[in-house]
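In what follows, chain A forms one complex with chain B and a second complex with chain C.
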Partner chain A sequence: MLLLQIATAGIATGSVYALIAIGIVLIYKCSGVVNFGQGGYAMLGAYAAYALARAGLSPPLAAAGAVLVLGVVGALTELLVLRRMLRAPVVAVMMVTLGLLILFRAVCLAVWGPDQIAFPQIFPQGAVQIAGIFITYNYVAAALLSLVLSLAFLAFYRFTPMGLMQRAAADNSRAALAVGIHVSNQVSVAWAVSSALAGLGGVLLATLNGLSLTLSNIGLVAFPVIVLGGLTSLMGSLVAGLLLGMLEAFTDGLLTPALESFLRAHTSIYSVGALQQVVPYMLVGGMLLVRPQGIFGQRGTERV
Partner chain B sequence: MLAAHGVSLRYDGVIQAVDRIDFQVEKGGLVALLGPNGAGKSTLLKAIAGLLPFEQGELVEGQLTFEGRSLAGVHPAAIARRGIALVQEGRQCFRSLSIEENLRAASLVARKGAGARLAMVFEYFPVLKEMRHRAAGHLSGGQLQMLVIGMALMSAPRLLLLDEPSLGLSPAMVQTVFDVVERMHRELGVTLVVAEQTVPRLLKLATDVYVLARGHIVMHTPPARADQETLQRVYLS
Partner chain C sequence: MKRHSSRVPAILAALAFALPAAADVNVCVWGTITGPDAGVNGMSYGTVDYLNYLNQTQGGIAGQKIHVILLDGRYKLDEELKIYRRCVDQENAVVVKGWSTGSAKALREQVQQDAVPFISETFSSEVLDPAKYPYLFIQGATYEQQMLIGLRAAKAAGAKKVMLMHGDVEYGRAPVTVVRKSGAIEKMGLELVDTIEFRYDAQDLTAQLLRVKAKNPDVVYIQASTPQALVILRDAAKVGLPAKLFIGNMYNIHPSIPEQLGAAAEGFRAIQLYANYGDDVPAMKEIAAYKAKNQVEKEDLYFMKGWFGGKFIAAAIGNAIKKSGGKPPADIKAFRKAVRDEMVALKNLDSGGIAPPCSFANHQGPTQARMAEIKGGKYVAVGSWVDAQ
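Right after this comes the complex of A and B.
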């Protein structure tokens, strides 16, 4: 029973990680830029949903509105900031995304203050009973929504003309321009979609953990996910997100208690701390040693 | 159809690649654009397709028009929509995508009739049909050349620019490529500009010949007068 409970929590947080990571991979694929500010967009999404609910929208509508707002914020980021840096080195652009993260945190701090805020109830209260355990609707909704949307996005990317344009622009921008694909606009689309996904991830995370500035730390967890999945694989992000979510949940729910009870019995050590925050990075370290291209990534080859 | 008057093209603001040239393409024509390496052929074709600004190049003077409308400062996507397709040097395609996806991606500017054009491209190049689900990265040089020409056809061009299509191909493959050039010209009524260093076959097909050297048009002649001897003299001067 305990295992099932832990697994559910793992799937819920893991699929939110996947949402955030897919957005980062999407932008990386078509512009070569790693968006270090992705956690900031997630946080902004949650605060936007809160603000819209405060303004009188019903909570589910506020959540949907926040996702739209974030899509616009993402597109504007590309149009107003990144498009001006087309000739700048990619590293400079990445530093700008880090700057945006700091800016977003400062804005949220100034407007909403540093304290944890009770997040509006988006999903009905209560729980479903599955195989003798209770799972709150919040967890069920977070897992279902992010899984369904991740898969829907992957299908969109794979099977629609718009997705084909995205993939073509990501594969070879020179060739894409020559066949009439407006590459810069495709990068805008990628930013809009990526930010909207991050915004949704932020909203879902806030329903699980409450709303505060620390929400932007999700951006840091997304990086082990991406490295694990392979920097260029959207499917890899989904699988690795779920994997890391589960790993964290099991570390927190099984490994840490077991380790602590063992240590308390035999040594004077009382606590091992937040082990679940360390495990992803340990896994990534090991992964980089064994299979640097990630689970689904392709080893970089160059024709000589 | 296409007209360049006193066109100068520059890279990085200082490197003069093409210097005040006049260049005309009549509707239905097949223009051979000949010249040695570094003559400015690719630069001229890229300028027509609008790609020059993406390589730090620019049109510094003169008029470049297609069907009476200027091409200066127009985005390549808009130029493709007006009916100009460029097959670039280096066989630019989407290597991680399948052959069919490559062809479909190239038809997104002109979605009407894309299905019929796909069938036509497969009829022109049966080998592409056989391999339609394989990634383009696995193709040989000759197959890649067929793919990029097929991609250009997918955008339903009225003016097709080919940049050294025979470069690095076996003699048999060069024959195949020019068979297709001839068919496109005759059957589809596409107007073509083919840049090459020297291909005797091209001179037989061409309706007009321009020779470019060091950024200048050094010769403009009907193909009958462009015999090997004259060309060699021009190349070496």
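Right after this comes the complex of A and C.
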């Protein structure tokens, strides 16, 4: 029962990681840019939902509204900032995304202040108990949403004309242009969808832990997920997110107590610290050595 | 929203116009104006506001205008260390009021070398040593004393088994290590069944709470800040542990805990060192008078602590000026030493009811605390003030 409870907690946390990571992968797939500002969009989404709820909308409507607002923000980011950098080196574009993160934090700080804010309840409080296992409604929602969205995006890329255009634009933008695909518009769509997803992830996180500027740190957690899953793989993000969440939970729930128990009995060491933040990066390091493209990533090939 | 939007220009103005007039007495205050523990930055605003209140109502202290410099340390150690140097070398502050446990520990030797009175917002016992650190002061019961007050209350209620939970930062780790190694818990007749260290920015602590559940303690003491207490109480409720099992330190008194968690927070207790904002104490009359003409950024317990800190600083500076013939010593080093000596000499400091009258010969001022419990969505004082000693 303990193992199941720990695994459930890991899956629930991992689902939120996956949701944020999927957004990063969406942009990377279409434009080749790693968006370091994804955590900023998540934070902005949560603050937007808070503002809409304060303006009188019911919490679920405010959340939906925030997702739409973030979609527009994402599209505007691409139109006003990134489109002007089409010829710039990818590293420069990535630095701009980092700048956007700082800008979003500054805007939220100026408008809402630095304090922790209680976030409106979107889901019922408490947890559902299934066969002795507790899962909060927020986490049930996060898990379902990330699973459904991942599958939906997979289907979108594989079976729809727009998905095909997005893949073409990502694979070779010049060739895509030559066959009549408006590459810039495809990138705009990717940014809009990715930002909306990040906004949704931010709203879910805020319903769990309250709202503050530190919510943007979730973007950092998503990076081991996409490296582990493969930068171009949506399914990889989902699987790696869940894997990372489980790994953290089992490190906390089993490995740490066992290790501490052993060390306390045989040495003068009392605590191993917060081991959960070491294990994921060790795994990422190991993965990069063995399989640099990640679990689901594809090794790049070049015709000579 | 309107209130916050006016804050940034105010901060910028405070930073931009930090040039002192020649005759001013400079006091430097830094806190987390923006950063992870900004929720308790009333401690900085309170001090700044009290000194400005004296400027407005009494022309300063002993006839000298106080020039208060407020800076943002952002809870980043490197930033705090830079600010300290600025306060001492450039601003010529006669008193420096800092922020975190990490910075107080990093600066404790430097402060003695610079011979500048330094007050920290930390409650760590590791910086409290009047013989070794004669220029370093805190303002209340140490984290360790708070922990023991909480556990003593739990023991009185019948607790036998104790667990400790703390964040993986100096503020979390150091006090727990001191108490654990001291054997004070066992001396109290309690059994420490486990200690859990967790990631300070953890999003989920279910696994840790399952570990708590497996150990079945009678009380769990949390050495962490508001965001972590939120996660702990939320996940505790999830695995079926009641909030009344947990006790937090003075930084766990924050409205966002009952607001965010609702019924899941009912029964949670925390250590209270100062009067609540709005309590019927004389200091509130001063605050109300100040508020009538100025904007008060934070209206909470932490602002009260800051106001108390302002009174402490003002009393020592005032006495030092009086003793040097009504004018501050011309030499900043002599002035700093005089203020430090007056801090130690303060007896029965009247804080207007924010804390019981206290002296600072112990370098920590008031050592009394009481428990506050969340009842009906609000923190309510339970029991009377008890002395940590």
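Following the convention adopted for this analysis, the second predicted complex is superposed on the first by the 304 of 304 C-alpha atoms of A that agree within 3 Å, B and C clash if a C-alpha of one lies under 4 Å from a C-alpha of the other, contacts with A are read in each partner's own complex, and residues count from 1 in each chain.
Assume contacts are C-beta pairs under 8 Å (C-beta built on N, C-alpha and C of every residue); 3 or more make two chains touch, one makes a residue touch a chain.
Note that the coordinates shown come from a computational prediction; the quantities given were computed from them, not determined experimentally.
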Tell me which of chain B and chain C touches more residues of chain A. C
A:Phe36 contacts which: chain B (first), chain C (second), both, neither? neither
First (chain B), second (chain C), both or neither touched by A:Phe296: neither
Which holds for A:Gln125: it touches chain B only (first), chain C only (second), both, or neither? second
On the A-aligned overlay, A:Val111 touches which partner chain: chain B = first, chain C = second, or both, or neither? second
Where does A:Pro161 make contact in the superposed view: on chain B (first), on chain C (second), on both, or on neither? first
Touching A:Asp171, do we find chain B (first), chain C (second), both, or neither? first
So in the superposed three-chain picture, is A:Gly180 touching just chain B, just chain C, both, or none of them (first/second/both/neither)? first
Once bound in the complex, which stretches of chain A touch chain C? 2, 5-6, 9-10, 12-13, 16, 51, 54, 109-119, 121, 125-127, 134-136, 205, 208-210, 212-214, 217-218, 221, 248-253, 257, 270-274, 276-277
Over in the complex, which chain B residues touch chain A? Could you list them? 49, 51, 54, 75-77, 79-81, 85-86, 88, 92-97, 101-102, 104-106, 108-109, 111, 151-152, 154-155
Given the complex, residues on chain C that touch chain A span 1, 3-5, 7-8, 32-36, 38-39, 41, 168, 173, 177, 180, 195, 197-208, 210-211, 214, 226-227, 230-231, 234, 237-240, 254-256, 259-260, 262-264
Footprint of chain B on chain A - complex, ascending: 161, 164-165, 167-168, 171-172, 174-182
